[in-house]
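Just so it is clear, A, B and C label the chains in written order, and each chain counts residues from 1 on its own.
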Amino acid sequence: MVYREEFHLMSNSGTPTFHNVTELAKNAVKNSNISNGIVVVYSHHTTCCVIIDECAFDMSMTGLETLQQDFVDVFEKIIPTFRTEGMYQHPGPKALKFGAEHDEDARSCHNTDAHLRSALVGRSETVVIMDGKLDMGEFGYIYFIDFDQTRARERTVQIQVIGE
Amino acid sequence: MVYREEFHLMSNSGTPTFHNVTELAKNAVKNSNISNGIVVVYSHHTTCCVIIDECAFDMSMTGLETLQQDFVDVFEKIIPTFRTEGMYQHPGPKALKFGAEHDEDARSCHNTDAHLRSALVGRSETVVIMDGKLDMGEFGYIYFIDFDQTRARERTVQIQVIGE
Amino acid sequence: MVYREEFHLMSNSGTPTFHNVTELAKNAVKNSNISNGIVVVYSHHTTCCVIIDECAFDMSMTGLETLQQDFVDVFEKIIPTFRTEGMYQHPGPKALKFGAEHDEDARSCHNTDAHLRSALVGRSETVVIMDGKLDMGEFGYIYFIDFDQTRARERTVQIQVIGE
């Protein structure tokens, strides 16, 4: 059996956005009537990704939970935010032309850091379903991360449940 | 068809622990009577993860295989072991209070490196099953890694087989 | 329902190789007659991996697209190409002996960087299928990456479709 739900989330500008989609996934599994199998939480976008981590309770100065901020800070070291032209080879002249033809301004095309971070982390997480419940541990949460900081926009997350 | 097996593994303190779970996964696939599909090897815990890599034969001074040690050494550069208070923003005061209420001492709460490494690597690996066998290559092994070095503890790995 | 296709790809020497396998995956889904479910694009090899990213149009001096080159450059920082003996602990004497017994010359055994990069990125990507189509976004592509630069060789990619 296969069951899918799709959700639309609004991301911020100026910082990576973490959407807690745990309840959406739990509800989709409940609605699916699937007791045993897997649920795939999947990002439609190449600048977004999905991870599982704990709730951290405390907040950083940017409004992220501390553990989320620590995760972002790791990427600031290994794949820094695109702040200076020439930091990355992408976007080149053809990519900028293609972007302009698709209503992307030059600033929005310089989201290379988000593409690279998303590719490294991976587009989805798969969670085991046992006896109708996600095997998440007590304190585990599923986060949909939008690494694109260049502008606020609507994002799509897919929740695909497979099993019996 | 869906078939699941669950295993409990004992992790060490003081170093990341690599559990070779290849035989567990192969046996679960055999027990499932599923010939074609996928097997998801999944960590219940937010400080653990699953990878596939080769056997390296030679051992490092810490008792890990050399390729495992090289993997740990990469993380020592990009997400260093939590050795000095303030290295990471997590755990903050609320997280420490929450930990204390759940029988975690202050040292055990400072496992931020393990949370970040686990989120970056991913909680599971999916392996293709063809004609009743895992398509692993001759020398590929599945490792369940516990990155939490703060104390020895029991860990749970799920092996979910889906197919026909 | 489960449906699988297998493809063989030729990788270059001297640079990581990116194979665009998007059309292979789309065709496999079409051939499967599966309308809703997932497709797992999976690497048989422990030095290869699968990612999803955008087409970048512009090319770098090595013949990669700029976004692919930026991805490789990130790894050059965190898991550098094996250029000097002793950079990594693997391969040790037993691994070299094992390699020699399996027709690998000493140079080919020094592909530790590729093993580590592949383990970090992950061996597969899972894409949601809805109404017979991959939910890739307009500009998303699936790349099979061979990180092993030590010699040209044939590689195997599996495309496993599961659903109804």
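The definition used in the following text is that contacts are C-beta pairs under 8 Å (C-beta built on N, C-alpha and C of every residue); 3 or more make two chains touch, one makes a residue touch a chain.
Values in this document were obtained by computation on a predicted structure and should not be read as measured data.
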| item | value |
| --- | --- |
| Graph class of chain-chain contacts, one of line, ring, star, complete, other | complete |
| Between chain A and its twin chain B, rotation from the CA superposition, multiple of 5 degrees | 120 |
| Type of chain A:chain C copy interface by residue overlap (half), same or different | different |
| Distance between chain centroids, defined by C-alpha means - chain A, chain C (Å) | 22 |
| Residues within chain C bordering two or more other chains | 78, 120, 122, 126, 162 |
| Contacting residues of chain C [partner chain B, same complex] | 1-2, 4, 40, 42, 44-46, 78-79, 88-95, 98, 112, 115-116, 118-120, 122-124, 126, 158, 160, 162 |
| Touching residues on chain B, where the partner in the complex is chain C | 36-38, 51-54, 56-60, 65-67, 69-71, 73-74, 77-78, 120-122, 125-128, 130, 135-137, 139-140, 162-164 |
